[in-house]
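Chain IDs A, B and C follow the sequence of writing; residue 1 opens each chain.
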Amino acid sequence: MNDEKHTMEKMISQLTARVEKLEENAPGNKLALGIMSGNLDNTIAAFIISLGAAAYDMEVDLFFTFWGLSALRDPVKNPKKDFLGKMFGTMLPASSKKLPLSQMQMLGIGPKMIRSVMKKHNAKSLEELMSDAAEFGVRIHVCTMSMDVMGIKKEELIDYPYIDFVGVGAFVAMFQEAKQCWFM
Amino acid sequence: MNDEKHTMEKMISQLTARVEKLEENAPGNKLALGIMSGNLDNTIAAFIISLGAAAYDMEVDLFFTFWGLSALRDPVKNPKKDFLGKMFGTMLPASSKKLPLSQMQMLGIGPKMIRSVMKKHNAKSLEELMSDAAEFGVRIHVCTMSMDVMGIKKEELIDYPYIDFVGVGAFVAMFQEAKQCWFM
Amino acid sequence: MNDEKHTMEKMISQLTARVEKLEENAPGNKLALGIMSGNLDNTIAAFIISLGAAAYDMEVDLFFTFWGLSALRDPVKNPKKDFLGKMFGTMLPASSKKLPLSQMQMLGIGPKMIRSVMKKHNAKSLEELMSDAAEFGVRIHVCTMSMDVMGIKKEELIDYPYIDFVGVGAFVAMFQEAKQCWFM
């Protein structure tokens, strides 16, 4: 009888170890999005999905990289830059309000049209969505390598309560823990 | 002895609760794709992957949003629209057959070339892939907000057996349950 | 007492079966990326993320399809091709060094500018990243259907230690096992 008891205890203990490992590797209730294209339509979609996920109690991590950074620029802030930084600064959209569309750009008429038609249908603007995201605790992580390459400085970015500046390792950790991750 | 039995029963019951929680949060054998770009190449890729996944017994949910909606338009159907709806209707591709390429568009020669070369290699056309998807039970979900904004009406969309009209909440539920989700 | 023991054994055995099923369906510590756009910026991002994931002990599978294939072309190799193959061969970028940017292409000045500014900031070039990926065991899978359609031959691709040639089924198997999968 003692033997049998011992066997059962051993089975339970082994099973517990396997369950622990499963729990450790199970994804959190988290969504991770890479914002890279810097297009108005993709960036709007990213924030709408983020707010939808947050409304369903998911934690949301946004990783802004490459062209995506333009959406975070504050056109009023104007820190000192070197020559290349100034050049990129001029070529990249100066703020979320200047983002191009992925198509139907039509020399700048497209984005204005989409914004006006969204307003007409009571859909929130990108800037309102970003402000809602701050309220819902959506986190913004800015790729420091992209900032370096494009000469974008912390001092020229918008004020956002949950913003930090990270490398690719931090992004890997984010998507390793996330239920879903994709790029927009 | 009763004490020991009681302890073991308790351990089994606790372990069962943990396994139940893991089962609850485990993703289904499902693929969720967001179709947003509305490009011929991306849309073809989305359907090829969907059919591949369906062939491996995965359930597939496609969420059509923004430019992606054009692939679902039936050029013959012609419902009444307001001014903005008519304007968008004219500017957006009239059907899957008019989708542009993400590159090498070459004033419309690119898509024709890709279609002709795919046919030459016995690859199915986008329209055949969509018809296969219907046979395999691939579900199409259309973003109602995008329909509103672009003035696209249910009455102008193709007949498809598994189509419904949803908000972003439904999409969040889709990717929360899916093994993988990405945008194309 | 025997009855109780029997009950407990049965519970443990049922629980073990459920844990086994969970283990079977749990994703591996793997990242799967589809490289489709063929843009310099997206392809650089894919390799930086791949190397980041590999550094965190993830296995990485890259699936190259459509325009993505250009990054794997070796401009020196020059196999015989039919008419369509030659035409595509001329129209597609001849190697990773000729990839366009997703924006700010500026007739070819954009990619040169990004490459020069990345070099200035000691960021590795795409070619160096690809060579690092080979060292880290990142696997490259080439979509045979895309090769057929674009007339791209194995003989014109770069030497890479972990390269194979697969259909969509292999890609489905990849993302079914992966923790995350997305397209770039």
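Simple rule for what comes next: contacts are C-beta pairs under 8 Å (C-beta built on N, C-alpha and C of every residue); 3 or more make two chains touch, one makes a residue touch a chain.
Note that this is a predicted model, so its numbers are computed, not measured.
One rotation lays the C-alpha atoms of subunit A on subunit B, and its angle is 120 degrees to the nearest 5.
At the interface between subunit B and subunit C, under half of the residue numbers appear on both sides, which makes the contact a different-residue one. Rounded to a whole number, the gap between the C-alpha centres of subunit B and subunit C is 22 angstrom.
In subunit A, 8, 12, 15, 19, 22, 26-27, 180, 182-183 are the positions where the chain touches two or more neighbouring chains simultaneously.
Against subunit C, in their complex, subunit B makes its touches with residues 5, 8-9, 12, 15-16, 19, 22-23, 26-27, 29, 31, 41-42, 45, 48-49, 51-53, 55-56, 58, 102-104, 114, 117-118, 120-121, 123, 179-180, 182-184.
Interface residues of subunit C facing subunit B in the complex, by the touch rule stated above, are 4, 8, 11-12, 15, 18-19, 22, 25-27, 34, 36-38, 65-67, 84, 88, 91, 100, 145, 148-150, 168-169, 171-173, 175-176, 178, 180-183.
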